[in-house]
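Here it is, the structure, as structure tokens.
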């Protein structure tokens, strides 16, 4: 028994299989607990949809160039919270008056709730994220460029 | 806000840094881990790698292997990135941020050995990389479930109230194990055969510190 | 529960099965079947009005397809 | 009655079980790599189920992690199998590929620049990939890498402006949006360069 | 504090000596005198020393300093009643020391020692399980709190018996000549520290003496409680002798068997924890 277990453990080709088994066990156990999981997502950055707004689905109220109410975890740590959200570049403001169907485009352009979260309140996440990209591409391009010298 | 340090788990709090919603904190425990991460990162930065004595299979000959300078530079770069990720992971006060750091440690761990030219080592690194990738499911899934069921990701808010579902905690632990811990150590053991001791050591330092940190998080929240 | 959400979940389930036990079991079939759960995920995101994530997911999944096609191309070139 | 979240969770869990079972059965390395792409969808689904603005802000990093790891692993796979220098088989040689690229690439890049930020970078990068996969070019590699390195530094600088001088948030948003755009676009376009002409 | 450190170090080295003596007696040999390890260490400290040319020099020296540092820190932590989790962390960092010691020299023997030390990382899992079980009982991981708990409720040894077994196994895996000491197996000369000689060896020896003392002291403190210095020392001695008996009569396991046994133990304790958490 132990010898067989040792045999499985010592073969690194089986690594992902061992891991898969562990995950499956936990998830099967987890399905039973689903009924006890209550959905509680209205505490942070809840969203309200205004279908008639040109900024739909990202209109979070407030007037452009002014402050907007944003529900963050620690508002006291981000003194300018809400400014990014309400900010629209002249270009996106013009776009908003023109048509009702490019809300996503407008908000993805600098200034919008996602920018507020990504750059301001959870900026450290984005730092890590871009660093991951940086390192991973470093690895890939190192291997790629090295192919010629062998 | 002080509940984190009042549970008799990690000792007194020292100070914290406020990055918006993400508030990294230094307690006696995390500060110790931080110190070790710094020490090993410095070792990886400043010490030259060993010259490995290599046995040629099928013969009696052995010689001291040299690492090519460009491979060395690359390994050092990734090792420092790995150290930085470890530093972040041991002090961050936010669960999703922690999972991101964990994922970064996973990818840098693969990167450190990627420059090895041995097929065996590369194969181990690849198998380990597959696990690191699929580990993203429990890792991010656990963090997402914590957010969905409690409405927050901050360890400060979660500390001591026991609101985080046990399933999410186990998933988080499983995710960190996939990014590089014990039962999957066999992948690491084969990786260890690659050259460049100070850098290879970073692989172990990062995964052990990550594991220590996730134990703390699971006990605290 | 909006129709998009239900269809999305259905597609993800269906797609997962079709990728997991693809027939014929070769790289390209799996890769093409992968588009089914991806489309299901798109519908789920759509039902939650997550437009930006949706847009990025489309772009990123296209990139990952490129990566796979490159690897598979080289792999098949061997045989 | 189960809520939307719980029904989504049940579906996600079933999918995870199926995906991991097939991962357990799989022994071919490249098949495993493709299956990791399947599991990635499960992870994103779990995040998407949160359904707030924060969910989107978390999906973006999640996506980045996946694509980055996939990229690195694919390259390791090629090195490990010793087929890195192999010429691509003709999977991509289709007639349309010869004529469509410039227009399509132009549209995507333009739209990406309007979007800016990470999404914009991904869209614009896609355009450039498409172009270079079809046309094939390799010499730009070093320059693109340098540009993306500078963009990364610019983004970090923007982050610190947010922290230390929050009054300058407008400036920081502009730097951050632009830098991420360039960075992501550059990284993605490298894939196109790599795919384009492996023989060099 | 320095006098505590020194006396703990000397006691630890004496325990090593007793360990060897008991093993020898069980196996019907006379064995070395019990102060042998102490003399060894002193002798090494005065030998000529340099750094091998193939070694990664910073790391080669750094790990020795770190080994001393973490076990000194662990002793201080114990004396001041700090967090058990932190002690666990220090113990895990000892793992890194093992890797570092083995990898830094460039020699094949020590490298294999290091690789085995990576494999045997499973020995940390029982420790984690026992820490978790203790937390379930006492609701705190501060050693001072655990002691206070035992003063009121009696020794934890009885209710938390599986945790005690787990910690016992952990100590066993760190003792020389034990069934789990695969990283110091004789086919690897002396394992991961083969290439550390002279002063380096002396310092490592001292650090490991400290380690043995700290681990045994932790066991007594956590599972038996504060019983005064003489009784504590007696308990440590008894514990050491039982360990020596186990070492003397068990063969060394093959690397992966040792991993399997440790993993299985952890699994059993985890099941016990779940059982306690759900039904009790």
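So that you can tell them apart, the chains are marked A, B, C, D and E in the order they are listed, and the count of residues begins at 1 in each.
The rule we apply is simple: a residue touches a chain if its C-beta (ideal position, glycine included) is under 8 Å from a C-beta of that chain, and two chains touch if they have at least 3 such contacts.
On a predicted model such as this, the values are computed, not experimentally measured, just so you know.
Colleague: Are the chains other than subunit E still all joined, and if not, how do they split up?
Modeller: No subunit E: one piece.
Colleague: Show me the overlap between the contact partners of subunit A and those of subunit B.
Modeller: Touching subunit A and subunit B alike, sorted by label: D, E.
Colleague: Could you compare the number of C-beta pairs in contact for B-D with that for A-C and name the larger?
Modeller: If we tally the contacting C-beta pairs, B-D comes out ahead.
Colleague: What chain lies farthest away from subunit C once each centre is taken as the mean of the Cα atoms?
Modeller: The most remote chain is E.
Colleague: Which chain would you call central, comparing Cα centres to the global Cα centre?
Modeller: B
Colleague: Using mean CA coordinates as chain centres, what's the subunit A-subunit E distance in Å?
Modeller: Centre-to-centre distance between subunit A and subunit E: 43 Å.
Colleague: Could you grab the centroid distance between subunit D and subunit E? Build each centroid from C-alpha atoms only and quote it in angstrom.
Modeller: Using C-alpha averages as centres, the distance is 46 Å.
Colleague: With chain centres taken as the means of their Cα atoms, state the distance from subunit B to subunit E in Å.
Modeller: A distance of 24 Å separates the two centres.
Colleague: So the centre of each chain is just the mean of its C-alpha atoms; given that, what is the distance between subunit B and subunit C in Å?
Modeller: 30
Colleague: Among all residues of subunit A, which ones touch two or more of the remaining chains?
Modeller: In subunit A, 9-10, 13, 16, 20, 23, 30, 37, 39, 41-42, 44, 47, 78, 108, 114, 120, 122-125, 128-129, 131-132, 135-136, 139, 143 touch at least two other chains.
Colleague: Quick check on subunit B: which residues sit in contact with 2+ other chains?
Modeller: Residues 19-20, 96, 100, 103-104, 107, 110-111, 114, 123, 130, 134, 137, 145, 147-148, 183, 186 of subunit B touch two or more partner chains.
Colleague: Scan subunit E for residues touching two or more other chains and write them down.
Modeller: Residues 259, 263 of subunit E touch two or more partner chains.
Colleague: Can you work out from the touch definition every pair of chains that touches here?
Modeller: Applying the touch criterion to every chain pair yields A-B, A-C, A-D, A-E, B-D, B-E, C-D.
Colleague: Given the complex with subunit B, which residues does subunit A contribute to the contact?
Modeller: Where subunit A meets subunit B, its residues are 9-13, 15-16, 18-20, 22-23, 26, 29-30, 33, 36-44, 72-74, 77-78, 120-125, 128-129, 131-132, 135-136, 138-139, 142-143, 146.
Colleague: In the complex of these two chains, what residues of subunit B are touching subunit E?
Modeller: Touching subunit E: residues 7-11, 28-29, 32-33, 36, 39-40, 43, 46-53, 55, 62, 64, 181-183, 185-186, 188-189, 192-193, 197-198, 200-201, 204-205, 208, 211-212, 215-216, 219 of subunit B.
Colleague: Residues of subunit A touching subunit D in their complex?
Modeller: Of all residues in subunit A, those touching subunit D are 13, 16-17, 20-21, 23-24, 27-28, 30-31, 34-35, 37, 39, 41-42, 44-47, 60, 78-80, 83-84, 87, 91, 105, 108-111, 113-115, 117-120, 122-137, 139-141, 143-145, 147-148.
Colleague: So in the complex, which bits of subunit E are touching subunit A?
Modeller: 254-257, 259-261, 263-264
Colleague: Subunit D touches which residues of subunit B in the complex?
Modeller: Within the complex, subunit B touches subunit D at residues 19-20, 96, 100, 103-104, 106-107, 110-111, 114, 119, 122-123, 125-126, 129-130, 132-134, 136-137, 139-141, 143-145, 147-148.
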